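Let me give you the structure first, and then I'll get to my questions.
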Amino acid sequence: MNTQTTSIDPAVIDTEHRSMWTDVWRQFRKHKGALVGVFVFAFIVIAVFVGPPIHGVDPNAIDFRARNLGPEWAHPLGTDNIGHDTLAQMLAGGQVSLAVGLSAALIALILGTLIGVLAGFVKSLDGPLMRLTDVFLSLPLLPLLLVSIMLFRDTLRAAFGPETGIFLLIVGLIGVTSWMHTARIVRGDVLSIKEREFVTAAYSIGTRRYRIVFRHILPNILSPIMVSATLGIANAIITESALSFLGLGFPPDFPTWGRLLYDGTNFIQITPSRVIWPGVFIALTVLSVNYIGDGLRDALDPRLRGR
Amino acid sequence: MLSNPDSDVVLSVTDVVTQFDTADGRVHAVNGVSFDVREGELLGVVGESGCGKTVTMMSLVKLLPMPPGKIVGGSALFDGQDLIQADSDALKKIRGGKIGFIFQDPMTSLNPVLTVGYQLTEALRLHKNSSKSAARKRAVELLELVGIPMAKDRLDDYPHQFSGGMRQRVMIAIALSCDPKLLIADEPTTALDVTIQAQILDLIQILRKELGMAIIWVTHDLGVVANLADRVMVMYSGFIVERADVEKLYSTPKHPYTHALLRTLPQMEGERAQRLESIEGQPPDQLLQPESCPFSPRCVYSFERCTRENPFLEFVSEGHEVACWWDLENDRPREVS
Amino acid sequence: AERGRDGELRLLYWQAPSTMMPYLSGGTKELEASSVVIEPLARYDNDGKMHPWLAEEIPTVANGGVSEDLKSITWKIKPGIKWSDGSELTSADAVFTYEYCSHPDTGCTSSNYFNDIVSVDALDPHTIQINFTVAKPFPYAPFVGYNAPIMQKAQFDGCIGAKAQECTEQNFYPIGTGPFKVVDFKPNDVIVFEANELYREEGQPAFSKLLFKGGGDATSAARSVLETSEMHYAWNLQVEPEILTKMAEAGKGTIIAGFGTSVERLMGNFTNPDPDLGDDRAEYLGGNNNRNPHPFLSDYAVRRALSLAIDRQILVDAGYGSAGKVGCNVLPAPAIYASNANDECKTQNVDEANRILDEAGWVRGSDGVREKNGVRLSILYQTSTNSVRQGTQAFIKEMWKAIGVETELRNLSASVFFGGDPGSPDTYQKFYADIEMYTNNFSGTDPETYMANWTCKQVSRRANTWGGGNMPRWCNPDYDALSAEMSTTADLDDRIRLAKAMNDMLMQDYAMIPLVHRGGVSAFSNVIEGPRGNEWDSELWNIAEWHLR
Amino acid sequence: MQLANEKTPGMSDANSSKPLLRLKNVKQHFPITAGLLRRQAGMIKAVDGVDFDLMPQENLGLVGESGCGKTTLGRTILHLYRPTEGQILFKDVNLTQLKPSALRALRPKMQMIFQDPQDSLNPRMTVGSIIAEPLDEHSTLKGKDRSNRVEELLDAVGLNPRYTNRYPHEFSGGQRQRIGIARALGLNPEFIICDEPIAALDVSIQAQVVNLLEDLQEKLGLTYLFISHDLGMIRHISKRVAVMYLGKIVELGPAHELYSRSRHPYTKALLSAVPLHNPGREAKRERIILTGDVPSPANPPSGCPFRTRCPIAETRCANSMPQPKKLSLGHWVACHLVD
Amino acid sequence: MIQYIIRRLLAAIPTLLVISFVIFAILDLAPSDPTGNLPMTVPSEVREKIRTSLGLDQPMHIRYYKWLVQFVVNEPLNILQHSFGVTVGDAENRTRILSWATRSPVIDLIVERTPQTLWVVGLSFLFGILIAIPIGIVQAYRQYSLFDQIGTFVAMLGFSVPTFFTGVVAIIVFSVQLKWFPMIYDTTLEITSWNNFVLQVKQMIMPVTVLAFYQASQLSRFMRAAILDNLNLDYVRTARSKGRSESAVLMIHVLRNSLIPIVTLIALGIPTIFGGAIITEQIFRVNGLGQLLIIAIEGADIPTVQTLTFLFAILIVLFNLIADVLYGMLDPRIRYD
C-alpha cells in the first residue's frame, strides 16, 4: 500500500507559480553542509581569481635573495627555493587546478553518462560498449599519455597557443581516461530505470526515444552522476599533479596545486607552508564540492524537497 | 472508558499516543488509543491508509523507527508487564516469543539472502532454546501447518523461490513459531490476490480454532474483516472512532465515517449500484494538534459542536461504542451522558 | 686486518641496476654495480689518473707497451689473479671479452670501446696485444675503466651473439675478480654481495656483505643516509642543495662531490625549427653554408647576449651548491685541458647584453620583447623533467626577460627526451625547439672523440636518423680541420693545445652556452671511511678499501 | 483460442456496429534464453492466443489472478510489446503491420492508465509537465494554450488546476491515479486500457477513481478495457467480463450472467474467494478454496491450463485444450465439462 | 552457472585479444626508447645495434605476433614444465618473453615481485576493508551523528590528499623524528625468526597504513551507503519483531545484504592490488609490481610493460567475471543460466 505522504492540504498553500529553481535553491539552503560547501568553494574561487590583482605579485617573478623564506609581511606564505612568492603561486595554481579539475571531471562525466546511457538504453550497444569500457580500464595510462602528447601537442599548440593547447590536451586526456566507472554505474541505473512504469507510460503516449532519455532517464540517475562528478574533480586535480611531475603536464612555469604540493614535498622540513597550503586547498576544494554535490542531489530530488 | 474486568484479557492498551518529529513539524500519528484484546478473540482494525493502524501496533512493541518516532504516553499491559515502559531486554523476550507479528508486505518482509529455514528457526532458537535439529523439526511442522507442501525440502530454499502467497504463509509460520499468546497481523493479505487471500483467511480461521490465541488483524479491506473478526475497531486519523461486534458494525454503523466507508464498496450481490458513494476530501493534516473532530471537514452530518470539540469513544449499546456527536440512527445530535 | 671484519655495508642507488652484465646495459647504475665484481685492466681514480688494476703497469710508448706507430698496445696481467670460482685469470678471458662485445648480434653497449681493432691476441697466458687499424694516440679504450671490464670466458662461452640475451643466470651472477661476488640479484630492486674470499689484496674488502638497494627518489635516498643512517652510502643525489644542507645538519653523514667532464649547457639551434617547414624542420641543409638558418639564433649578437644575460652563480647556488661550479667551457676537465679564455661568462652583464642587442638592431616592442624585421626574440626552451632543471629554466627565463627575450618553457619526460625514438618530435636529437638544455660529458680522460661531436659530419639530421652528436647543427670547416689534426697527433701538449682551441672556438662563437660544471653528488655515513667520489670511473672503484671508521 | 473461422467470442451479436478493437489469436511469448550460445530455451507464454472484439463505448472487464497475463495483454494491444503472433485491429487498421512512425501517430487514440500510480509518474517531473508530455509530442499547443489545456485536464479529473507545479509525491494515491488519467485523456483518446487503476488505492479513494472513470466515459464516449482482479469493482463497472487464466481467456460474457451463472470452475472459484462485506451472509457462504499456485507460464500444463487446480478435472482435461463454446448470447466458456 | 562462466570466459577471449593489440600498438607508438636511459657517451651506432639485438628492427605486427605466441604458448608450456615436469614440444628452443632492460624472462620478474606487492598492497587492501566495514556500519547506523560527520570528513581527506604527500610525512615523523620504523623496505628479509618477523612488521607498517587509509576512505563511503540502503527495509523490522537484539539484526540480517555490493566491489578492487601502488612502492622502496611497471615504462621496456599490463587486463576481465559470479552466489535471487 502506498503510505500517504504527510498530506498538507494542497489547497491551503501555493497559489503562486513556483519555479523549479527557486524550489531547488530553497531546499539546497536547508542543507547545512552544502551551504558551508558553497561558501568555502566560492571563497576559493574568489580568492583565486580576485586574489592575484590584490596581492599584486607575479607568480613567476623571482627574487633570488628571498629564497626559502617562511611567512613574512612581503610574502605571506613564504617563498620557494627559487624565490617565487608562494601565495602568488598558490593563487595562480588554483586557477589552473580548478579549471582542470572542473573541466576534466565534466568531460569524464559527459563521456561516462553518454556511454552508460547508450549501453543501458540501446540493447545492441550494451555488449560492445561494455567491452570498450573493459579495454579502457586495462589500458596503461602512462604510455597512452606519452602517445597522445606526441600526437596532439603540436597541433593543439599551433591552434590554441602553448598554454591553452596543453590545457585542452591535459583536460581531454584526464577526461578520456576516467569515465569508465561513471559509465558502469550509469548503465546499471539506466537498466533499472528503463523498466520503471513511467518509462513505459512515456512510450505509450508516443514519446520519442531521445526525449525519453532526456526527460525520464537522465533526471532519475542524477544522484550517482553527482557522486561521480565529485570524485571526478578530486581525481582530476590529483592526476594533473601526477602528470606534471612525469613531465607530461603543463610547462614548468605554470604552477598548479598538485605540482606545488609535489615540488614542495621535498622541502617540507625547510618551508612547510609550501606543502600545507596546496594540500589544504586541494582537500578543501574536494570537500566543499562533495558537500555541494550532496546538497544538490537532495535538492534536485523533489521527494526530499519540502521536507 | 471501556475497561473490561474480564480476567481473560490478553492485552490492555490505554491511551497510547505516538508522534513523529519530522523536519516539517510533529506528526500526530496516534492520538490516544485504548482497547483490550481477549483470549481467543480476533479483533479487526480498519481504517483508511495513513490513519495510524500500523503505528499503533508498532508502538505496542516499540518497533517504530525511533527517532523520528516517539511514544509520548500510554500503557500496554501484557502478561503483567507494561510494554511501553519495558526496557529493550524485556521486549526482546516478548517479541517473537509471546507476541507474533505478520507484516504488511510479504515480498519484502523476509530477508532475501537467508534461507526460509533459518528465518523460521531464528525465533525458536532464541526463545525456546531449541536445538538446531529440534528447531528444524518444528519448522517443518509449522510449514505443514500453514499448508506448504513438501515442507521438509523447502526449508533450505530462499524466499524468492516462493510465491507471494507462500511467502505470506511463511511469515505466518514465523509468527506462530513460538506459540504466541497474541498475534498481530498488519494487513497480511492486502498485497495478495483474491484466491491466495482466500487461502490465507481460511488458514487463519483454522489456526485460530486450533491454537486459541488472540489476534489483532489490521486491514483496510472491510470484506476481510467481515469474514474473520469477532469485534471491529474503526480508526480515523489516529483515533478510534467506532468499535463494535462485527455484525453490529456492518448492520448498524454508528459513525458517519464507518457508514460512508461501507457504502463506498461495490456489492457482489444484489442490484448493481448506479454510482459508488465516495468520501470527498482529504484526510486531515496530522501536523496539527487535533482539537476538533478530525472527520468533521468531510462529514455530511457535521455541525457546530464537531468543529469545537473532539468526541470521545462512548458506549452506546451492547457491544458498540462510537465517538461522534451525531446520533446517526435518530438523525440528531447525541445526548451527552 | 682481517677480511670481512666490518660486517655489512649498505649502499643505496635509487636508480636500481637491472642487470649485472655491463656490456648489455651500459647504464651508469649497472656499470657501478658490476664494478665491484668484474674489473678492467686499468682504472681511473677520482682525479682522472689512470692506475693499473688487473695489469701490472700502464703500457706507454715510453715503456714499450705501445708501439711507435700507435697501432698496437700490449698489456701484462698481474700473475696469480683468481676468478672467484678459483680458476685463474688469463689473457684468453680478455680475448673472449673482445669477441663477445664486438660480435654484431650481442648488442654490446660498449662496442665503441673496441672500435678500430684488428685483433686482440693472447701472446701468452698473461700478455694481451691489441692491434688497431689506425694509429691510436690514446689507445686506452679497451679494457680500461668500468665500461670495458674483463669477463670470464668459461662462464660466458655459450653466451655470444644473439644468445647473450638469454643467458639470464650468467648475466645476473657474473663471476669476477673483484672484491665482492653476487649472492642474490633482484633486478631493479636489490643486490646482495659477499666478500670474495679469493680477492687478491690481503684483508680486503673490510666488509663481509654488501647490500646494494635500489628504488625511490634522490631526496629520500639522501635522507636515508643523512637523517636516519639506515644506509651507509647513497649515490647520485641531484637535489636542491638546501635540502641536502638541511639534512646534513643532523651530523650523521657527509656530502661529497666528484667533478668530471659533465657540463650542463644550453644548446642553441642553428637551424629553423618552425613546424611549417615540414621535413625541413630543424634540418641542416647544405654543406658549409647553412641554408636553413634559425631566424634569430643564427645571429651572433643574440647568442652572445643570451649568454651574457645569465648569472651562472645563481644557477649554481640554487640548483647545485657544492656539486656545481660556474661553467664557461664545454671541456672543463681534466685540468690540463681547461681553458680560461672564456671567463667573461663568469659574471652576468645585462647592460652589455642589452647594448649588443640594441646595436644589432633588435628593438623592444610594446610588450618588452625585442624584434627585428618581424622576428620576435621568442624562445622555446626545452629540457628533461627534473626539479633542478626546472628551477634553472625558471631563472633563465627571468634573466632573459631582462634583455627583452621571451621564453616558453617545456619539460619532457627523460625517457622521451633522451629516448632517441625517430618517431618522436621531442627528442633532444631532433631538437624541434630553439634552445635545449642537458648535460653531456665523456668517459675516460681523452677528449678527442668528445670534441669531434661538433664537426660538420656529426650534425644531427634526417640523413643519419638524427644520430650525430652535433645537436646545435653548428658547422665550421676550421673546427673540422682542428678535429682532424687531433686525431693524428700523439704528443700530449699538442693535443692539449688543439683541444683548448676547439673549446674556445665553440665557446666564442656561442655554438653552445655552458652553464654549470657539474659534479656527481653522493653522501656517505660518518661511520664509514673510504668513499671519494669519482666521475671518471665507478664511484665504487676503491670499495675494497672502504671500512668502518 | 483458434476460432478464426467461427464467430469470434465476444462479438456482441446484438450490436452489429463495427468493433473498435479486434484481437485475433494474439500471443505474447517472452523468450527464455540459456546455454553457451544463448540459444532460446523456452518461452514464457504470457498471453497465449486471445481473441475478442471490443465495441465502441463499451467497457470490457478483464479479470484473473496475479500473473495470468492481464498487463501483458494490455501492453501488447498498445504495441508496447510487439505481439509474437496474431493480429490487433484498431478501427480496422492492423497495428501489427504499422511502421513505428505510423504507430506513433496513432498512439493518441489509444491510451493506458497504469497499474501503479506511484511508479507510472516520473518523480522528477511536475504534474503539469507530466500531463503536457503527450501534448508536446502530438500537438502544436504552445504557451498559454498548452497550460490552459493542462488546467482543463486537471479540472476534468477533479484536481485543482493550481497543482500544476507540484510533484507526484505531493499527492495522495488517488490523486496520483487521477494525474495518470489526465495524462491519458490529454489527446482525446477513443480507447483506454485501465490496468488495475484502483488496485493500489485505498478503499475510500477507489470509489472516487471509479466514479471519475465512469463519468468520463459518459462524457467523452470512451471505450475501456478495464483490467482488475477486484471482481466486485468489475461487476460494478463493466457490462461484459472476460476471465483470464494463464494467458488464455476461459470465460467471457455479460457481467450479470457471469456473476450469477458462471460456468467455468475457475470463474466460480474466483467469485467465491471474494469476501463479502456482510458478516451474516459470509458465514453461510460456501467457498471454493483453490489449492496451489498458478503454474508457471513457461511450462503450462497440457490440455486445459486450469486442470491442475480444478476441483472437477477429468482425464480428458489433460489431453486436449477445450475450445470456447457459446452458451448463450455473448457468453462463451472454454471448458470440457460445460455443455 | 558453470555454463555461464564458460560462456563468459569464451566471450573474454576476443576482448582480451583486442586489448592486447591495443596495448601493444600504444606502446609501439609511444615515443620512448629502450636506449633512452643510456648515458650520452654511448654513440648512436651502438644504440642502433642494441635496438637490433632487441628485435626492434622488425615490423610491429611480427613483434606482436611473436609476443603473442610467447605469451599464449611458450610461457604456459614453460610453467607446465617447471611446475609439473611435463615437457611438451621443443623446450630447448622455446623463446620466452625477455625484458629488454634485464634480459631476463618477464614472467620470472613478475613472480619474483609478486610477494612483496601482495604483502604490502594486499594487506593494506585487507586492512582498508577491515577498517572501512565497521566504520561504514557505525556511520550508517548513526547517520548524521557526530561520528558520521567526522567519518565523512576524514574519508574525504583520505582521497583528496595524495599518497606521495602522506607517505613523506609518515617517513619524516616516524622514521626521521621518532625512529620507530625503517624508511627502507628490505625485500631480502626472510621471516625465519621472531626477530625477523618483528622487523618485517615494522617495515610494513608505514606503507600499509598509508595505503590502507586511502583504501578505507573510499570503501567506507560505499559501506555506509550500502548499509543505509538496507537499514530501513521491511525485513529488518521482521528480524526485530522476532526478538533479535540490535547487534544481531545488524550483523546477521543487514550486513549480509549490504555486503553483496561491497563484496563485488572488493572483487573488482583485487586486480588493482596486482597493479601495485606505484607511488607508495616508490616512496617506501617496496619495489613490487608497481615499481616494475613504472621502471619498465620509463625505460621503454616494451615486453615487460606489455606483459604486465596484459596480465592486469586479464585480471580485470577475470575479476569482473568473479564479481558477477560472487554476486550470484551471495544473492540467491540472482541466477545465471
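So that you can tell them apart, the chains are marked A, B, C, D and E in the order they are listed, and the count of residues begins at 1 in each.
To be clear about the criterion, contacts are C-beta pairs under 8 Å (C-beta built on N, C-alpha and C of every residue); 3 or more make two chains touch, one makes a residue touch a chain.
Everything numeric in this text was worked out from a predicted model, so none of it was measured.
If you compare B-E with A-D, the chain pair joined by more contacting C-beta pairs is A-D. Relative to the C-alpha centre of chain B, the farthest chain centre belongs to C. Annotation: 49 Å between the Cα-based centres of chain A and chain D.
Centroids built from CA atoms put chain B at 51 Å from chain A. Separation between the centroids of chain A and chain C, computed from CA atoms only, is 45 Å.
Chain C and chain E have centres, each the mean of its CA atoms, that are 38 Å apart.
Contacts with at least two other chains are made by residues 1-2, 4, 7, 146, 150, 266, 269, 306 of chain A. Across the assembly, chain B contributes residues 49, 104, 220, 282-283 that each touch 2 or more other chains.
Counting partner chains per residue, chain E has residues 29, 31-32, 168, 297 touching two or more of them. Put simply, chain E touches chain A in their complex at residues 15, 18-19, 22-23, 26-27, 29-32, 153, 156-157, 159-162, 164-165, 168-169, 172, 279, 293-294, 297, 305, 309-310, 312-313, 316-317, 320. Interface residues of chain E facing chain C in the complex, by the touch rule stated above, are 29, 31-33, 35-50, 52-54, 95, 98-99, 101-105, 108-109, 112-113, 168, 171, 175-176, 179, 182-184, 186-188, 281-287, 291-292, 295, 297-300. Looking at the complex, you find that chain B touches chain E at residues 61, 63, 65, 88, 91-97, 101, 103-105, 108-114, 119, 122-123, 126-127, 158, 160-161, 171, 174.
For chain C in complex with chain E, the touching residues are 12, 16, 18-19, 21, 24-28, 104-112, 162, 164-168, 171-172, 184, 186-190, 192, 211, 213-217, 220, 223-224, 227-228, 230-231, 413-421, 423-427, 429, 438-443, 464-469. Partner chain E is touched in their complex by these residues of chain A: 131, 134-135, 137-140, 142-144, 146-147, 150-151, 231, 234, 237-238, 241-242, 258, 261-262, 265-266, 268-269, 275, 279, 282-283, 285-287, 290.
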